[in-house]
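Consider the two complexes below, in which chain A is the common component and chain B and chain C are the respective partners.
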Partner chain A sequence: MGLLAGKRIFSIVALCMMVGLLLLPVVVALPSLAIGEETRSGDAAKKEGDKVEKGRDVYYKTEGIVSGAPAPKTTDGVKDYPRYNFESRVLLWFANQQHLYYGSFVLAVPIFCMIIEFMGVVTKDKALAKRYDQLAYDFIKISLTAYSLTAILGGILIFTFLTLYPAFFSYLSGIFRPVMHIYALMFVAESGTLYIYYYGWDKMREGFLKWIHLSMSVILNVIGTLLMFLANSWIGFMMSPAGVDEQGRYLGNIWHVIHTALWNPLNLHRILGNMAFGGGVVAAYAAYKFLASKTDEDRAHYDWMGYIAMALGVAFLIPLPFAGYWLMREVYAYRQQMGITLMGGLLAWLFIIQATMIGILFLSTNYYLWQAMGRMRGAEKYQRYIKYLVFLLACGYMVFITPHTMVMTPAELKAMGGQQHPVLGNYGVMSAKNGGINVIITTTVLSFVWYMRGNKVSTVSWAKFGNIFMGVFFGCAYFNIIFLAVYGYYIPANVRVGLSVPQVATTLSCLFFMFALNSFMMKGAKQMGPIEWGKISARSQYALIMLATAFTWMMGLMGYIRSSVRLFWHVNEIMRDNSPWAYTHTVGFAANMISANVLFFWITILFVFWLGSLTAKKVPVESKAGIPGSVPQPAPSH
Partner chain B sequence: MKALMSLGALIGVAGLLLLGGMFFDIVPSSTVRLVEGYMPIQLLLEVACYVIGFTGLSYMMNAMGMAIPRFWQGIGFWIFLMVYLKYRVYPPIPFSVRAMYGTVGLVTVFMWISANEEDWTKFKQPIMNVLDAQTGGKRILRYAYLVLLPILIGGFSFNAMLPKSEEPIELRTVHPAPPASTKVHGKTYTLQTSQNPYRVNPEGKYDQEFSNANIVEQGMGRLMKPNSNPWDEKNQGYLKYVREGGEIFFQNCHFCHGDNLNGRGLHAFAFNPIPANFTDPGTIAQLQETFIFWRVSKGGIGLPNEGFPWASVMPPWEQHLTVDEIWKVVLFEYWHTGYYPRTWD
Partner chain C sequence: MGNLIAEALSMGWMALAILAGLLVYFQVSISDPAAKKRAVFKTFIGIVSCFLLFMAIANYKTNFYGESRLLPVSLVMITVTTFIMALYFTNLSALLKIGGMMFFVAAFLSGYGNWLPQVEGGFPPVEEKVTWETMTTQQLADKGEEIIFGGVGKNKEQGAIGKGQCPLCHAFHAGMLGERAPNLLGLPTRKERLEDPKYSKGDPSKRMYSVKEAFPGSGTAETVQEYIAESHACPSCYVVEGYGVKGTNDKESPMPSIHKPPISLSLAELAAVDTWMYAREGVEPPSFDDIVKSYEKFVPEADRPKQADDKPAGATSLLADGSEPVDQIFAKAQCVSCHTIPGIPGATGTIGPKLEEGTTAPQRIKDPAYKGTAKSTTEYIMESIVDPSAYVVKPFPDKTMPAIFGQKLSAGALKKIVDYLSQVKTGAPPPKVS
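Right, the complex of A and B next:
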């Protein structure tokens, strides 16, 4: 009893420490925000009397007291752009990308842990609860080593900025000074919280303590998310500056600097993207372990782990295109010029590559699900319809990747009789592409529904009606999506943009209503046989690896696109890039560079996985019938 | 079910015969036309019909004890797709796009034939048979592959590396990114916020809804709406400005952009690419009116340099037309094509 009370006190103290850590940056930052900046500018104002200079915010159009130096006008030379005998931009690109990969991974994994740990806590099946708990622990263990690497890469990134782009970094840090300090403190808070969360796992395994432990994961994720939001504010400022005047002088309102036009869509897009990426990486880890497994037991565990990671990743992948759509819409609204450069102009071909990668993600997911139906008895009834899903996916995919700007020889151009192909040119614009991606996502939802009912036969009295209803619902959904895609050509562009809402609503209706209906129908369903975990084709695991690689490649690509859209600006329309590298790379060079980044990340993450496997010790546990395959258990103490 | 499959089989056979007939010029290639305005969806529906047809055909052949092996089904469908894209769609699809579609086709055929173990085993069987080479015939085939495949790959590589005198491919950007603002005849126009001063309602106020209600119908007919004839002398305001824009267009622009605004004017084919086709939904329908104003004013020479090569010979019309005339021409182009300029509200 005494021991339990001691543990409880320890847990509560640990939780309070975490909350304290969470609040620490805010408390420390408050004086500088509330007093420091204002007083400084206020004092300056008093001293200067009437000579106070005011500036107009380039975005918010409000007036503020000039509180910072103008953006430096750099010149090509060692003063502003010191360099090695190499393109500095490429070095920075590499450092930045690696930091972002690891950063995304370590921010995503704790969110998974939180979800899986929660599932373990609420599930009534004790064996399953243990499996979930073990899985969550496995996840956090992987992320711990990655966390140190993230910090190291962050350090390398700052040094790269300081040594190669001193003028730009000095300007940026001058504006974001308080934010950067808060960021550093947040990082301390994140580290502290993570270590308490990880090392306290065993001590807080049961009952009330487990809930405390779960709460810690919530705090950990709150800190992590805020950390990311702050980092996003820097790139948001570089793309769509606010809180400064035309010369780039800070106007004293740090919230304006943070809350730029693109900050919110960037935040949402990055949260979802990180989650999908994290799911992909963990799924690839499980796939790798599955393929290397020597026993059925291990195969069963890693098959299950891969499935859970994939399902969580895809759950965040599905809304990701919609978040991306919102981001692009905001980009267009901020600067038409930027939007056209991205999607219709200079960078349009990169968007076609991006569409190709998105398609690969969904195709891999569907393929994995079809393979996964192979481990269920009773799922054969759906197999013969898969070809129709393949057809829908192929059509949606082909439309989605059709370029508006086609690559062709002058002879082909002449034969085509104009820049726009009369048939395929129509697939190259947004209306058709929205239809294409929504068809792909809806088909993925349908594959999931089939997977969920693979080995089950509904026993509810209204099963027949339910099946017909679901069939009609999906049929109508496809019709509506395609109809709106065609109708989009006959209405004004601003109305057409709005059509994406009913299209997305249709897809999401399929997702939520059909999942819910399916769950009701499958309640107490007759099982044709258990899910035979581990009895899945090797091809499915390669699909998971493909999924993760595509995520990684796409992240690299999108980061490059987002950064490149500034063209020759460090800070859009405020601070010009006058280095010799202020040009846009060719598509080929960018693709090679992204591939190199992806390769490096995967080599290093394999090292991380290997490190993680060094501490793995397995203790078999009993598993309940219906959930075959036992789980490697954590060591008695960590 | 059987009746449905038989119908599918019938469609499949008819479709294949038709395609083969058109391919070998036995049937006129215009037998089943891709109808302008409906081409994109028609293409997808056609392919869907073929898929239904092939499914029915496969079912019937199976029922008659003459099942087509999964191996040949997969390869056959992919070849069909490539032939269809190459010979059915006119004007020809550039190779780069066909290569993309072909790759997607290959991947999806693989997904189909390996979606479950049974199908995958069936598909692999002929390959495994040749590799195992249990019979004399198979053994010969295996040796033939051993010799032919390297020769084939070597041939492709040789061909790919061979110096060619063809013109290089171009990654031309269709829509150049516009500047934030443009200066025409001494006045600066912010592209994001500027408006066409002639897009006005009878009260003289900027009104896009009013002008949208008076444009021609989209599609092939391009019929004028009742009481919306700009050439009716009684019409004032917006329709009068459209008429004036039309006059300017036919005096200056139609030689290249064509009297139907489809980029096929008298001089069009002297250029490669031919001038922009405004009736295509991928051109002015996608853009803000101010974008067109900027493009017309500055011409090909005024395009930004970040997306070379532009391959545009359009003169900078600000040297020949007044600002008002340019706005009126833009007004006419939207009126005539039946498109609405892009807005951000």
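Right, the complex of A and C next:
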């Protein structure tokens, strides 16, 4: 009893410490902000009699007292652009991308842990609860090593900025001074919380203590998310500056500087992107462990782990295109030219690569699910229909990746006989592309539904009606999507744009209604046999690796696109890039560079995995039965 | 291929030597013939794989900045290497296979990126000193067409675009639909806009738009030319129906103010643009001064871009900034006066050697008289430009070529020169000028 009370007190103290860590940056920052305000208002009062210079916010159009220096007008030389005998931009690109990869991973994994730990807490099946708990523990263990690497890479990134772009970094840090300090303190809070959360896992395993532990994961994620929002404000400012006047002078309102036109869509897009990416990395880890497993028990565990990670990753991948759509809409609203440079101008070919990648991600997911049906008795009945799904996916994919409006040279135009290709030109329009991607997503939903009911036979009285309804619903959905895609050819462009809404609504209806209906139908269903975890083909694990690599590559690609759209501006329209690298690279160079970044990340993270496997080997045999450290049997169902 | 092998050996000789040492060690130290055979064979596979790996890295390193579309081949080679190794090193088999798979995916995507048409964004436009006041109407109109479409006579070319970026959104010819912005045909005679009650001529306070006036006290346009000037300076002062920002009910225009960043056309440049708009429709344009005055009404003194001041200091001293095609870079840097360069018009100089570096550079690097540090063709060319005395081709005298080009050409211009010259080979047709 005394021990339990002690543990309770310990847990509550730990939780309070976490809340304290969360509030620490705010508490520390408040006086400094107040001092800043005081000084500013004092200065303002002092100068009241004198001339107070006012400026107009470039975005909010409000007036403010000029409180900072104008953006420096840089010149190509050692002072503003010191360099090695190498392209500084490429070095910075590398440092930035590696930090981002690791940063995204360590921010995404705790969100997974929170979800899985919660599933473990609420599930009534004790054995399953234990397995979920062990899985969450495994996840956080992986992220712990990556966490220190993230911090090291962050340091390298700052040094790269300071040594290669001193003028730019000095301007940016001048504007974001308080934000950067809060960011650093938040990082301290994140580290503290993470360590308490990880090392407190054993002590807070049961009952009330488990709930406290779960609350810690919520705090950990709140800190992590705020941390990311702050970092996003810097890139948001570089793309769509606010809070400064036309000369780049700070006007005293830090919220305006943070809350720029693109901040919110960037935040949402990055959260979803990080989650999909994190799912991919953990799935690849599970695939690696699966392929390296020597026993059936290990194979079963890592097969299950790979499935959960993939499912979570894909769950966040599905809304990602819609978040991307919102971001693009905001980009167009902020600067139409910027949107056109992205989608129909200089960077348009990169979006064709992006479309290819999205297709690859969905194809890999479907392939994995079809392979996964092989480990269930009863799923054979769906195998013969898979060829039709392949047909639908292939058609949707081909339409989706067909280019349409491209910037072409006169020679290319002449060769093609006009702006559009005589045959293919009809297929690449947005209306058809929307149809293509929606067919792909709907087919993925269908694959998931088949997978979920693979080894089950519904026992509800209305099963037959439910199946017919489901079939008709999917049939109507495909018809509606394809009909709208074709109908789009016969109406003006501005009306056509609106068709994407019913198309997306159809896809989302399939996702939500069909999943819900399937769950109802499969409640208490007769099992044809258990899922034989571990009895999945090795090919399926390569699909997971493909998924993970493609996520990583796409992240690199989209980051490059987002950064390149500023063209020759460090801060769009405020601070011009006068370095010798103020031009945009060719698609080929960018692709090679992204590959180099992706491969470096994977080589290092595989090394981290390998390090992790070394420590796992040291776990004494006796502890195998307990948690953590043991390899439990996975769940009997999904 | 020979160069690649040499480069791979120079990079990986230590690793290869260690593996060769291991091979010998296993040969002499293992007594069991079966175990010896296995160990020796594995080490041999290791040597082959290691060599392939360094070949791949050398290919990447040598061609990193080149236009070579074969770079992803490196990644495919690494894929093959890892899968071969996975067959023999079963302990690391999973790791190697996964690594190989990742290299394969990266190779595919990299190859795809290199297969697509290669578009490179040029450098920011460098402003030239132009004497606008003395130009004839035709010269002004030509300049205006250049600003809009990027060159004289390009107005009917699809996709032609100049510094002003107007064709990104506007159409200019009859029958062409501007989905993002109105068609500008007939603009010089579009008097009806001034009469539109929504325009509220003479009383900007009654306007329904997000911006009432270009700046406080600027008033509204009285003539068509002033209307054109106002639309450029303050696009949201009047928005043509159906072309506003979505969700604003046509109260705000998506068009940026053309005299402000990112486009930042000077008033003189805007006058040239307007002159072309009149001249192409056969309408007599107002004088240069009148057009500039119409803009001065809507652009306050402080907002007017100053041409000379805005010019980046770094660019002023450069002979070429890299935005030009490579033949122009050769001409601007005066390379053509002294060198014969196959494929470059007018490059028939004989003061320096003929530049067929694709063939000659590898030979010169191997020459015992060569004292430079270059290991590849591209490095050699770069070195000859930046430090011409590193190797002097016989019988040409030393110190003839100035050592200033490293400072006088931008990184982009140097890259273009190196890319081009590395492809020029004796007896082969010259590469395409880009």
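Definition applied: the second predicted complex is superposed on the first by the 577 of 638 C-alpha atoms of A that agree within 3 Å, B and C clash if a C-alpha of one lies under 4 Å from a C-alpha of the other, contacts with A are read in each partner's own complex, and residues count from 1 in each chain.
The criterion applied here is as follows: a residue touches a chain if its C-beta (ideal position, glycine included) is under 8 Å from a C-beta of that chain, and two chains touch if they have at least 3 such contacts.
If you're wondering where the values come from, they're calculated on a predicted model, not measured in any experiment.
Peer 1: Identify the partner contact of A:S537: answer first if only chain B is touched, second if only chain C is, both if each is, neither if none is.
Peer 2: first
Peer 1: Contacts for A:V587 in the overlay, against chain B (first) and chain C (second): which applies, first, second, both or neither?
Peer 2: both
Peer 1: Now for A:L363: first (chain B), second (chain C), both, or neither, which partner does it touch?
Peer 2: So A:L363 only meets chain B here.
Peer 1: Figure out whether A:Q336 sits in contact with chain B (first) or chain C (second), or with both, or with neither.
Peer 2: both
Peer 1: So in the superposed three-chain picture, is A:L291 touching just chain B, just chain C, both, or none of them (first/second/both/neither)?
Peer 2: second
Peer 1: Using the superposition on chain A described above, determine whether A:C395 touches chain B (first), chain C (second), both, or neither.
Peer 2: The first partner, chain B, only.
Peer 1: Using the touch definition from the top, say if A:E87 reaches chain B (first), chain C (second), both or neither.
Peer 2: After superposing on A, A:E87 lies in contact with chain C but is clear of chain B.
Peer 1: Tell me the contact category for A:L346 with respect to chain B and chain C: first, second, both or neither.
Peer 2: Both chain B and chain C are touched by A:L346.
Peer 1: Once chain A of both complexes is superposed, is A:W553 in touch with chain B (first), chain C (second), both, or neither?
Peer 2: A:W553 contacts chain C only, not chain B.
Peer 1: Do chain B and chain C land on any of the same chain A residues, and which?
Peer 2: The answer is residues 332-333, 335-337, 340, 345-346, 349, 356, 406-408, 410, 412-413, 418-419, 493-494, 567, 573, 583-584, 587 of chain A.
Peer 1: Under the definition above, what is the set of chain A residues touching chain B in their complex?
Peer 2: Touch list, chain A to chain B: 332-333, 335-338, 340-341, 344-346, 348-349, 356, 359, 363, 366-367, 370-371, 373-374, 380, 383, 386-388, 390-391, 393-395, 397-399, 401-429, 432, 482, 486, 489-494, 537, 539, 567, 573, 583-584, 587.
Peer 1: State the interface residues of chain A toward chain C in the complex, per the touch definition above.
Peer 2: Chain A residues touching chain C: 73-77, 87, 246, 284, 287-288, 291-292, 332-333, 335-337, 340, 345-346, 349, 352-353, 356-357, 406-408, 410, 412-413, 418-419, 493-494, 542, 545-546, 549-550, 553, 564, 567-569, 572-574, 576-578, 580-592, 594-596, 598-599, 602-603, 606, 610.
Peer 1: Which chain B residues qualify as touching chain A in the complex?
Peer 2: Those in contact with chain A are residues 34, 36, 39-41, 43-44, 47-48, 51, 55, 89, 91-97, 100-101, 104-105, 107-108, 111-112, 114-120, 166-180, 191-192, 212, 218, 263-264, 272-274, 276-277, 280-283, 285-286, 288, 291, 306-307, 340-345.
Peer 1: Could you pull out which chain C residues touch chain A in their complex?
Peer 2: 60, 64-65, 67, 69, 71-72, 75, 93-95, 97-99, 101-103, 105-107, 109-110, 112-114, 116-124, 157-159, 161, 165, 168-169, 179-180, 242, 245-247, 254-256, 260-262, 312-315, 322-323, 410-412
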